[in-house]
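Below is one structure, written out as structure tokens; comments come after it.
Letters A, B, C and D mark the chains in the order given here, with residues in each chain numbered from 1 onward.
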Amino acid sequence: MKDDAYAIDRDRLQECARQIADAGRELGARGWTPATSSNFSMRLDADHAAVTISGRDKGRLGIDDIMVVDLAGRPIGTDARPSAETALHTQVYRRFAQAGAVLHTHSRTQTVASRLYAGAGAIRFEGWELQKAISGYTTHESVLDLPVFPNTQDMAELVDRVDAWLDAGRPLHGYLIDGHGIYTWGRDMGETKRHLEAFEFLLACELDLLQLRGKQA
Amino acid sequence: MKDDAYAIDRDRLQECARQIADAGRELGARGWTPATSSNFSMRLDADHAAVTISGRDKGRLGIDDIMVVDLAGRPIGTDARPSAETALHTQVYRRFAQAGAVLHTHSRTQTVASRLYAGAGAIRFEGWELQKAISGYTTHESVLDLPVFPNTQDMAELVDRVDAWLDAGRPLHGYLIDGHGIYTWGRDMGETKRHLEAFEFLLACELDLLQLRGKQA
Amino acid sequence: MKDDAYAIDRDRLQECARQIADAGRELGARGWTPATSSNFSMRLDADHAAVTISGRDKGRLGIDDIMVVDLAGRPIGTDARPSAETALHTQVYRRFAQAGAVLHTHSRTQTVASRLYAGAGAIRFEGWELQKAISGYTTHESVLDLPVFPNTQDMAELVDRVDAWLDAGRPLHGYLIDGHGIYTWGRDMGETKRHLEAFEFLLACELDLLQLRGKQA
Amino acid sequence: MKDDAYAIDRDRLQECARQIADAGRELGARGWTPATSSNFSMRLDADHAAVTISGRDKGRLGIDDIMVVDLAGRPIGTDARPSAETALHTQVYRRFAQAGAVLHTHSRTQTVASRLYAGAGAIRFEGWELQKAISGYTTHESVLDLPVFPNTQDMAELVDRVDAWLDAGRPLHGYLIDGHGIYTWGRDMGETKRHLEAFEFLLACELDLLQLRGKQA
């Protein structure tokens, strides 16, 4: 694994920073990154990723709000401290060779759903046409599980839970953390935004249905 | 039926593409086309329609995201594959000589209502002034039925259900598909957007009323 | 009462048309004028008002979408047909010498509340600080009643109900029509928009409270 | 305490007015300042603050909508009458030496929550990751209390209740007033907006959870 900043393709970094800033502006405008929460990343190459620096306003990101880490989460060519949650981003790049981008947001719907289904450990989606927006799903008759992991300030514990789910051979396209928000990913930023939008929509529909089920005449 | 691209009026096609792109931007901004879902079309002439190509971001449509099909749904002058759902658009143009545009969207309200009323097979609107926004309705004292058809990945089955409803002589200005979204149409894009807005509003009011009915002091 | 178009101050008409178009754009952007519904007016002088022409998109009004009527609702200097609901606007200018503007909108909240409280005949607001946004109210300890009148396509019937309320000496700053929307007014467009925003807010809070009351731990 | 206008740093005042106007535009666009409600302030120096003048549209503030008061709430170098609620702003600057900005808004969520929890006297947040957006909180395992004080038109009474809470040594980062809205503050405008966004988000999640708790399958 390389550990010097000279190995980084600066054009690729610029392009990733631009795509991350664009995504931040869009998601911020929807209110999915309240109070400087959330973080975003993109894969730079086999060994590195570009991630947002902790505590910045995600609706107004610039190149200075992005840093480079290796896939162990160590900062490259900077003194900036990466967010503790960087470990969850780099895990995705290590476990999914095809993953090119990771989005972590805190929408009201994501956060409320995470609390509501924390006990069950997962939310199961069935019968929604929009399940087809998740890569690999071709019919609303499929079953799509979004796990909810317990929240902790110890990232190693969360990394272990995600590893355990994957090591059990269960499909994984995203996950919620209890009281906290969602992580999802895809081949590139476009697919990752599509996955995020689909999960947000499915969660919102599921919560509405919980409220209304059994009330119609 | 003509099957060559030379028969198409290019100015009409340009104008339709512009109107479809404008509608997409508006409806996308409202969140009614999540995760690249939804599709839109306009009638070009007695035998052809312009439809959106599957999988594009509906908030950012350009002329290259639109293709021409005949009313049997066959692509004209292009190798692009039309969306499977094109069959539902061309059916509208075949069955309604006056129909000039079709909008299919996936708002949260449309999708949740479709699940909730799938068992009943239709939602009945009564007593709402906005029923008058649907062409041919002149009083809130009318009754307006919006059917909900079961979802299927087999479009021929859906086409048959719509035909059966129409062949029974029942009025039809739009329909929901369970877990999926709405189809509605009108003489031109303006009337079609008015119909779509009216159905979205009526569905939202009906769901709110379900929640609140019986709770007031 | 004058009945010729020469009596109208063209500068005042231009200014009113501009203020009406601005209000339409703002209220349309909030989704309070779905499917070309709603209508707006301003007083021109002691005997005339400028009102929106029926069926136009309220988010995109121009000077051509506005017409002049006398306070009996008769068109002045135009062949355009005023909306049937013009009678409710001119009634306000006849009954309230100080009224300078009237806004009629159809938000989801206004419409749902009108259905929910139609049986009671009015919604009573108590204990909300924002009651002070209605002219003449100086404390949240006041009581503010917003009547709900039955809907009808016969405007004369509605005019009679409003007259009856006022003739009984009851205070009136706006009213709902069942399944339909709100009417409110003020000295000028600024005060009228403040009244409309306040009623919308109070209705939304009241509906939320209905939902949640009794559920807190 | 100085009482002449010459003591004020005009550059600091200009800068504060700009930051207050920017915050007003942002918060107005979110609908948190309905019907000219709400007020905002920033500390100018040890003895003075800049506050918004009562009754102005908070989404369109200019330098003329801002006035200077001393920390007893007396106007400095102006005949404008400060809002009655100015006393709640100056109290924050007196009690918290580090406080640099105060935001008071009236969102629907804040207002409804205040009514719902007025009886309990406070809302307790537990288990939400976003509690960490409040200065001094480093884990979702902390407990965060937001008090709800009874509404009154007598500001001295409210000032006394806030003083009593603080004199009892209880932590305070913001408070609700029943039927009215929220007050929150921070070191500077950036931290204050983060606190406001975090409280709004936490309140919205708490209300959603009240609705949904116990309904999941």
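Note that in this section a residue touches a chain if its C-beta (ideal position, glycine included) is under 8 Å from a C-beta of that chain, and two chains touch if they have at least 3 such contacts.
The structure presented is a predicted model; accordingly, all values stated were derived computationally and were not measured.
S.K.: Once the contact rule is applied, which chains count as partners of both subunit B and subunit C?
M.R.: Both subunit B and subunit C are touched by no common chain, going by the contact rule given at the top.
S.K.: Copies subunit C, subunit D: same or different interface, half of numbers shared as the threshold?
M.R.: Different, since under half the interface numbering is common to both chains.
S.K.: Please report how many Å separate the Cα centroid of subunit A from that of subunit B, as a whole number.
M.R.: Going by mean C-alpha positions, subunit A sits 33 Å from subunit B.
S.K.: From the C-alpha centre of subunit B to that of subunit D, how far is it in Å?
M.R.: Comparing mean C-alpha positions, subunit D is 46 Å from subunit B.
S.K.: For subunit C, write out the residues touching at least two other chains, lowest number first.
M.R.: 211, 213
S.K.: Looking at which chains touch, is this a line, ring, star, complete or other?
M.R.: Topology of touching chains reads as a ring, each chain with two neighbours.
S.K.: What residues of subunit A sit close enough to touch subunit B in their complex?
M.R.: 127-130, 133, 138-141, 194-195, 197-198, 200-201, 204-205, 208-209, 211-213, 215-216
S.K.: List the residues on subunit C that touch subunit B in their complex, please.
M.R.: Touch residues, subunit C against subunit B: 34-37, 106, 108, 111-112, 115-117, 120, 151, 153, 177-181, 207, 210-211, 213.
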